[in-house]
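All chains are identified by letter, namely A, B, C and D, in their written order; residue positions are counted from 1 within each chain.
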Amino acid sequence: MSHLAYFVAAWLFLVGLYGVVTSRNMVHLIICLSVVQSSTYVVLLTIGYRTGAAAPVFVDIPPSTPAVDPVVQALMLTDIVVEVTVMALLLALAILAHARTGELDPNRLGLMRG
Amino acid sequence: MAPPITVALPLATAAAVAACHRWIPRWPALLLSAGASLAVAALGVSLALDASHSGLLLYWFGEWTPRTGHAIGIDFAIDPTGAMLLVISATLVTFAIVFAFRYFDTAGQFFQVLMLIFLAALAGFSLTGDLFNLFVFFELMSAAAFALCGYKSEEPAPLQGALNFAVTNTIGAVLVLTGIALLYGRTGALNFAQIGRTLGGRSDVLVLAAFAFIVCGFLVKAAVVPFHFWLADAHAVAPTPVCVIFSGIMVEMGLYAVVRIYWTVFSGALGPFHNELRNLLMAFGAATALVGAVMCYAQRHLKRLLAFSTISHVGILLLGIGLLSPEALGGVGVKLLGHAMTKGGLFLAAGILLHRTGSVDEIDLHGRGRHLGWLAFLFFFGAAGLAGCPPFATFWGGVMLNQAAGRLGYHWITWVALGGEIVTAAAIFRFTSRVFLGWGTAHGVLIAGAARIPEKPDTQGGHEHTPFAMYASATVLALLGAAAGMVPHLTRVAHSAALRMENRAAYAARVLDGVASAAPAARDTSATFPDLAQGCGAVAAALLLAWLTVCSPSARRALGSFHPLRRAVQYLRDVHSGIIPDYVAWLVFGVAVFGGVACSWVLWHATIPAQLR
Amino acid sequence: MTTLLQALILGMVAAGGLAVVLTRDPLNQSVVVSFYGILLAIMFFLFQAPDVALSQIVIGAMALPLMILLALARIRRKREPPEPK
Amino acid sequence: MALFLVSAAVFGTIYVAALASLHPMGVADAASASYGNRINAATVSERHITDAVTAVNFDFRGFDTLGEEFIMFASVIGTILLLRKHRDESEGTPRDQKAGREISPPSDAVRVISVSLAGMVVTFGIYIVTHGQVSPGGGFQGGVLLAAPPLLIYLAGEFQQFCRLAPRPLVEAGEAVGAAGYAIIGVIPLFLHAAYLYNFLPLGTPGDIFSGGTVALIDLTVGLEVAGGFIVLLLAFLEETLVRRDPA
């Protein structure tokens, strides 16, 4: 258990990459990319976690209560917002590429050969 | 006061232009955005002067100064190198905005908005002293760049180019963030100086893996082989003013991040592996310089040709960085400055060619540029600059690099760099002679199989006249590349900046404890006769190579029947497939090689006793 | 108890990631990725990160799948034969 | 493919080996916990903010968030730019109003539910935005929620109504104002001889809605930016899906 969560992060990274490399559909590829990105959430979250500590919100608990690391959570928050906006850009590019060429398979979107 | 303005001013201007884009005409928007980026350039100059005078300038956002040697907030730690990169960025953005004013027919204001955001990202990236903040600006740069790359969204090619660019760079960003997370898990710090101090001199698999991930992530942006595929695709399709920024500074920022992070964070922990790291970085650099040069010579599409030339030059810069010596790093800085201006001028010239003729294809345009004499001169001038001809800044960078390499006993990198410079310059000479002078035939042996990207010009149709702003900005930028080389004591300033950049202890003492250090003792580099001969000889060799390819049928026939070369070029063409899954596979391959080699050092040191090594 | 729940959700997230990748049809995938987003949100919640969980729910489970669906609608329309005017 | 599998195996091994030498989950060593502990200690006492994550995002490391907000802004501008109308494209009637369309109009139940849901979501969104410094939530989460109601209205009615409810120029301007707001709030302390993004307002009582000084204000601008940004994104995608006709 002690390192399980870390290994889940590595797993998500690799699985997502596998999906990207084997993808036959641009939208599928972009979603696999979001799985790759989610691996960073898991690793950050695990690094900041402390067994038995509270969430870093001191509303009903005194400020001296041991709490988990708020910094990694702030980084994750940034990361999530960044991810979704980049996904929007990628999806816009993909649907336009489809509208102009009628092609969604990344293996056949090869105008740039050579 | 000045440091945060370099980021806040372009951002606020961008938001203002975006808010009113429906209601204000083009002129005020242009004045506002060009003015903002010019102001940033001016601030950059003052910061650079200040920093070279009094050492590292520190700025803590929100007044969160370090407590008992621990950073709490985010800082800008401005040294001459960072400030100089800011000046280059702001200069290029200003020229690109001015050039583009008469260039686009639609949505010109969104172009300005994204360019300003791009500038803010470049500014933050070059000044920041915090690892996660660096990542944020890295992503900001990417977000603006992806959209700018696909600007001509009515055609299929730009969309594919932007997709290739966006997917590979997003994976690069995830790699960087993973590395940051690993470092945070070990040190609980995000500030460069803080991480470096906490890591100390200890290194294990974690430190090397974090190093490999972060470096590989930034090398994706820097387009080092085998992470480079996206660059040629993106440059071939992006509007030319955007290419100026991509080639001139964005790619180099990837290298800057590697240098900054290595010297402030890892140089202590990786101390024992100094020599191994040198070889690893130089191997990647040499591969990049050579692959870039060969692919550059095998192109017929001018923008793609220039893109591969950028890849080759990035390889040369990485060779210099890999020497891990302050003198070589100074040379890299000077070379980068010269390359940014010269390549920027070349791309703007390519934009004028596209504007006038509606194409940038070497074979289609054969002899069609005879009436564009000034443009031919600009290409000739720029190619000479790329070859490292005196007095261009690239020449002085080359001299510093060669002397450092000679002192360390790595004479071979001089030859690799020279080869890359000659071939990339020759490719431009070849293009110029075919298109503007009408030499040779419309056929090329090497370039017949090259990508022929269907393309509409950035503006509608061929034009009879070139707006003055276009010629002026291309000419001035190209001249700046030569003028920069004539700045007195340029080499000494660069040497001093590099010495400051490589001093990890002084950096940490200034950032965390507020202790300033004395100015380093830097010296001028003077060019000897062989250096001058080498610079001029490179231009002559490039001209000869171009002439042989274009005008000498027997040389062409010999080239055509030289099978190993043809096969190599054919193999490289097949590898540059334009297919995203292939690119991603190569990317993972690069990470595996870099990371595998780096991690093997630890195993090597851990298992083999010191006396046997 | 917490440890058990955490181990369980970690396993589910790992399986969820695999499921997202192996679902080859993007339309089905948009549903799977939405579930995957919710799993991640639950995981964040169990690891004492309510702020992140909240944003993951609104972004990962709502905004992202919605954008995917809209993109797919556009793609599907292009594939249909042109309608009579 | 073989290239990828071998490289991925090497890459995975390196990554796993690195992770295995991190501290075990839940028991951070002194070094790795130092930053978080410092922040947790300073949040309530020095900033009167009870949600430490919000304090990091909008105060301690507020400069990151400024960049992040503009990443969103750049992506939205970029998406509008990419999906803009080109010369050879004409606009058709929105597809949901086309004669002979197979989908039946939404039933009354859908209308009632989505309109009342929209009201609830707005209230909840505003609550989340304004209580960022007190409880989990803040400008980002609340902003996304605030973008949902126009979409619910779309479900209940038609695209045209959506556009009437959220006129694009206004939403775009609102987004830009929200983005600029953060950059400008940061500039004010410069006139008070303090650093950029310095929290210059009175801090209030911890747990109060007006606590946290500028953090509350920044939350609002971020909420405006994010809500505007997401509505523009959805509008752009909807327009592309429903209205745009492919060039002949």
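By our rule, a contact is a pair of C-beta atoms (placed from the backbone, for glycine too) under 8 Å apart; a residue touches a chain by one contact, two chains touch by 3 or more.
This structure is a prediction, so every number in the text was calculated from the model and none was measured.
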{"item": "Smallest number of contact steps required from chain A to reach chain B", "value": "1"}
{"item": "Longest centre-to-centre distance from chain B, chain (CA-based)", "value": "C"}
{"item": "Comparison of A-C and A-D (more C-beta pairs in contact)", "value": "A-D"}
{"item": "Chain A and chain D: spacing of chain centres that average the CA atoms, whole Å", "value": "16"}
{"item": "Centroid spacing, where centroids are CA-atom means, of chain B and chain C in whole angstrom", "value": "37"}
{"item": "Chain A-chain C separation of Cα centroids, rounded to whole Å", "value": "11"}
{"item": "Chain B and chain D: spacing of chain centres that average the CA atoms, whole Å", "value": "32"}
{"item": "Where chain C touches two or more other chains at once, by residue number", "value": "49-52, 55, 59, 63, 67, 71, 74, 78"}
{"item": "Junction residues of chain D, two or more chains touched", "value": "1, 4, 8, 11, 15, 19, 22, 28, 32-33, 35-36, 39, 51, 53, 61, 64, 68, 71, 75, 78-79, 82-83, 136, 140, 233, 237, 240, 246"}
{"item": "Residues of chain A touching at least two other chains", "value": "1, 4-5, 13, 17-18, 21-22, 43, 46-49, 55-57, 67-68, 71-73, 77-78, 81-82, 85-86, 88-89, 91-96, 99"}
{"item": "Interchain contacts, given as pairs of chains that touch", "value": "A-B, A-C, A-D, B-D, C-D"}
{"item": "In the complex, chain B residues that touch chain A", "value": "132, 136, 139, 142-143, 146-147, 150, 153-157, 159-164, 166-167, 170-171, 174, 177-178, 181-182, 184-185, 190, 232-233, 236, 298, 449-451, 453-454, 573, 576-581, 584-585, 588"}
{"item": "Complex contact set, residues of chain D against chain A", "value": "1, 4, 8, 11-12, 15-16, 19-20, 22, 24-28, 32-33, 35-36, 39-41, 43-45, 50-53, 55-57, 61, 64-65, 68, 71-72, 75-76, 78-79, 82-83, 134-136, 140, 206-207, 226, 229, 233, 236-237, 240, 246"}
{"item": "Chain B partner contacts - residues on chain D that touch it in the complex", "value": "1, 3-4, 6-8, 10-11, 14-15, 17-19, 21-23, 28, 31-36, 38-39, 42, 59-64, 66-68, 70-71, 73-75, 77-84, 86-88, 169, 172-173, 175-177, 179-180, 183-184, 186-187, 190, 194-199"}
{"item": "Parts of chain B lying in touch with chain D, wherever the complex brings them together", "value": "1, 3-4, 7-8, 11-12, 14-16, 18-20, 22, 59-64, 67, 70, 72-74, 106-107, 110-111, 113-114, 117, 120-121, 124, 132-133, 136-137, 139-140, 143-144, 146-148, 150-151, 153-154, 178, 182, 184-190, 198, 204-206, 208-210, 212, 584-586, 588-589, 591-593, 595-596, 599"}
{"item": "Of all residues in chain C, those that touch chain A in their complex", "value": "3, 6-7, 10, 13-14, 17-18, 20-22, 24-26, 29-30, 33, 36, 40, 43-44, 47-52, 55-56, 59-60, 63-64, 67-68, 71-72, 74-75, 78"}
